[in-house]
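Please go over the structures that come below.
Consider the two complexes below, in which chain A is the common component and chain B and chain C are the respective partners.
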Partner chain A sequence: MILHLVLLAAIAVCALRAVLLTDLLRSAISLALASAALSILFFELGVPYAAVFELSVGAGLVMVLLVSAIGLTKRAPPENEEEGKSLVLIIPVLTLLALAVIDIIAFASLDSRILPVPGAQAASFEETLWRVRWLDVLAQLGMILAGVFAVLVLFRKENDPIVIAPRNEGSARVEEPHGS
Partner chain B sequence: MNSIILFVFLPIAGAALIPVIEKLRQELADVLAIAIAACLLALSISFIAPIRASGSLVLILPGALSFGQNLYLDSLSLLMVLVISTIALFALIFSVEYMKSYGAKGRYYALFLLMLAGMNGVVLSHDLFGLYVFLEVAACSSYALVAFGLEKPELEAAFKYLVLAAAASALLLLGIALIYTRTGTLDFAAAGDTLSRGLAEGDKSVLFIVVLFLTGFGLKMAMVPFHAWLPDAHPSAPAPISAMLSGVLIKTSGVYALVRILYNVIGIQTRPEVGRTLMSLGILTIVIASIIALVQTDFKRLLAFSSVAQIGYILLGFGIGTTLGFVGALYHLINHATFKSLLFLTSGATQHATGTRDLNRMGGLGKRMPVTATTSVFGSLAISGVPPFNGFFSKAIIVIAAVAQGRQTGNAVYYVFALIAILFSIVTLAYYLRVQRKAFFGLLEDEFTQVKEAGVAMSFSMIALAVLCLALGIAYPWLHNTLLGPAASVLTSPSVR
Partner chain C sequence: MDPRLIWLYDFVIVAGLFLLGLIGLLVMRNLVKLLISIEVLTKGVSLALIASGFAQQNRLVMQSVVVTLIVVEVVVVAVALALIVNLYRRTGSLDVRRLADLKW
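Let's turn to the complex of A and B:
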């Protein structure tokens, strides 16, 4: 139980650091550490497949992708980082606290253990993935495609024609109405 | 009946194919995206007769285990896929011309189709985690689509939408985890047995799950007080996406999912106070959003607040908890999908032509854009509840359901809510008349003398939706017997299967 609490605290601290740090590389490392701690927690809770996926994808693959992407960027000139820093700090901390309170209420309200699904205990990992949760796998395919296209759209090259409105020839950009 | 899987598989396959096909010829991407939406609409229509005959159909995947996930199509799901496919088809036809200036059209269609797949998955899944994953597919695609223009306001709106939707997802996931812990299953019917018994016995953990879902789905549907993201996100997106978001996404991932879980899984029929909470939140949503909409000068932002207000009417209908209430709410859900999509498309056509969304700068555009102006009048009259348009009938049914329930229970609150619903329908008429007067009537501003009417594809979509606004009102008896009645009976029955 103590180990679980320590791991939960480690996940929370690392996740907060990932949000708060302005250095992208350190932020990515914090995220990987949060994933690694979550992976250990999964092992402890007896779900080794989830642990392996979390470690290999969350802490491994995602970390490699993030570090590769950060390697392609240039450091921006320092801005006035003090401005709004307290707000940036408060929001994630408050969010975390709110979620922690909700979680505590949730688990305090439970009066039963996880019940077994009839027949599910006999299913192997392969059966669970392909014959029980096949719809989740299909949805995951959609999720991966959505992620890929979102990145391609959001980081499209400057020479891609992008939004310039009004969409008539020779017109100017859309004006935002005042007070809206 | 394995063709049910096409509702999910076809758009995902299309999304993967379109960027490749676009390389061959740009126009092929337009054709493929529209063809997929048309196929889905045809498929939905083809299921009307079998569903009327059998009540529901299940996709049993060859080799799937008996306790595994399946796709279920019942009268309620069918109604939803019909609405989703119809609006998607017209939004895609509108996009052919409208999205030319944005570029990256292939990727736009891919994200659009993934959003479609996500929404179809949500309405066909009878498994809590499956529903959650499809919600996320639709949500992730929509974040990118809101930010599609890449201007600062669009990126900011998308980020705000992402943060609040992520908070909603966290609450929903916690609710699902609690249900799994409580019942040992994620299947709607299996979990429903334990949960409805627990709720009837006053189990506090089930009530807590209800609160989590109400908050999580409340955020997704932009119910007051969780509406802050919508008036930024919906106006920022390209017009066809605004039409999809306001027309169907908030209803699918918010209203439908909430109502399906509350009535078919948790079984709140035994606790009328939950229904009354839904009604109260609905009324609060109508009042606050309508008042804010009254003072808007940004065409699309006004439409966004109006969407929030109309969600209030739908919640009010569902909260009443009677068959008539469900029919009214479902009817208003379909109607709002048609007239709000139409209004967003007309606002897009106006912005496309004039370059502004500021109503104070517009004027007399009806002379230069007669199709856009006329269809906008149709949409405005329909949403304001003017007969013989569809909005009149659905609002009337909701009000009648509230009054009938008030009579039956002797509770005056139902009468008060019915009165507020009528009064704020007049407020809706007031701000839509203002839109018409400022944008399309009066003297034509000098700067807009060269403005041209929207092209053929854009006009076709607007005309088709305007005709639907009228047809759905006139065809109410047929709609009731074929779709609305059976769909409402799904919610009144104790079990989903």
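Let's turn to the complex of A and C:
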């Protein structure tokens, strides 16, 4: 139980740092740490496949993508990041307290409904994923294909024959090198 | 460990993560920070699903749903980052206030 609470606190702190820090790189690293703590929590709760996915994909791949994108950009002037910071610091604390109270009230009202589902642990994870949730697997395949095509279209070159829209003055800036 | 107590503790953090992501989406101006806020929101949803599955002793189904959620999350991040890099090349900035070209 103590490990569980420590992990929950680590997730909360890392997520808070990920949202509130102005440095994008530190923010991405904090998000990866939150994912790593979440994956340990998943292991503790007895869901190892979700934990492995969260650690490898959520903490690893997403961080690599974020750091790569941050590396292609330049640091913004600090005045752009300062707006609304007091709002960011005050409102979450107050609303979190309100949500915690609502959470406890909901917990008390839902107490009788949380019952063990008989036979839910009978099947293995593989059987659950490939037989019960097979439509999710198809949806994952579709999502991955759609993502690959979207990234290919977004990173196509300007002289690619796919381009249909006529060029205007604003698009001339596209060919300028950035981030080097 | 009492599953219902775990559920209670987890959902306090789920509420916090969801709220934090929502506040980030509403307040932040940087596109990458907006994406990170979406990620924080997704972490909250993942934790909510797993905690509910743990409390109801129905972990396998929730585990497969979370695996699907993680795959969708990665695709969203990849496409969003591609969009962000393209927008940065066009505008030279990650500030959402400069993206007013679609307004009329």
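Following the convention adopted for this analysis, the second predicted complex is superposed on the first by the 102 of 180 C-alpha atoms of A that agree within 3 Å, B and C clash if a C-alpha of one lies under 4 Å from a C-alpha of the other, contacts with A are read in each partner's own complex, and residues count from 1 in each chain.
In this text, contacts are C-beta pairs under 8 Å (C-beta built on N, C-alpha and C of every residue); 3 or more make two chains touch, one makes a residue touch a chain.
From a predicted model like this one, the values you see are computed outputs, not experimental measurements.
Look at A:13 in the shared chain and tell me whether it touches chain B only, chain C only, both, or neither; answer first, second, both or neither.
Neither partner.
On the A-aligned overlay, A:41 touches which partner chain: chain B = first, chain C = second, or both, or neither?
The second partner, chain C, only.
Answer with first, second, both or neither: which of chain B and chain C does A:156 touch in the superposed model?
first
Pick one for A:65: touches chain B only (first), chain C only (second), both, or neither.
A:65 contacts chain C only, not chain B.
Considering only the touch criterion stated at the top, classify A:146 as touching first (chain B), second (chain C), both, or neither.
both
In this superposed model, does chain C or chain B come into contact with more residues of chain A?
Counting residues of chain A touched by each partner, the higher count goes to C.
Let me test your reading of the model: by the given contact rule, A:103 touches which partner, first (chain B), second (chain C), both or neither?
A:103 sits against chain B and chain C alike.
For A:133, select first, second, both or neither according to whether it touches chain B, chain C, the two together, or no partner.
both
Take the contacts of chain A with chain B and those with chain C, and give the residues found in both.
95, 99, 102-103, 106, 111, 114-117, 120, 123, 132-133, 136, 139-140, 143, 146-147, 150, 154, 171, 173-174, 176, 178-179
For the complex, give me every residue of chain C touching chain A.
Going through chain C, the ones touching chain A are 1, 3-4, 6-13, 15-17, 19-21, 23-24, 27-30, 32-33, 35-37, 39-40, 43, 46-47, 50-51, 53-68, 70-79, 81-86, 88-90, 92-95, 101.
Please output the residues of chain B touching chain A within their complex, sorted ascending.
Per the stated touch rule, the residues are 8-9, 12, 15-16, 19, 61, 63-71, 98, 100-104, 107-108, 110-111, 114, 117-118, 121, 125, 127, 129-130, 133-134, 136-137, 140-141, 143-144, 147-151, 153-154, 167, 170-171, 174, 178, 180-185, 204-205, 208, 212, 238, 296-298, 301, 351-361, 452.
Write out the stretch or stretches of chain A touching chain C in their complex.
Within the complex, chain A touches chain C at residues 1, 4-5, 8, 11-12, 15-16, 18-19, 24, 27-28, 31, 34-35, 38, 41-42, 45-47, 49-50, 53-54, 57-58, 61-62, 65-66, 68-70, 72-73, 76, 80-81, 83-84, 87-88, 91-92, 95-96, 99-100, 102-104, 106-107, 111, 114-117, 120-121, 123-125, 128-129, 132-133, 136-137, 139-140, 143-144, 146-147, 150-151, 154-155, 170-171, 173-174, 176, 178-179.
Would you mind writing out the residues of chain A in touch with chain B in their complex?
Against chain B, chain A makes touches at 95, 99, 102-103, 105-106, 109-120, 123, 127, 130-136, 138-143, 145-147, 149-150, 152-154, 156, 160-168, 171-180.
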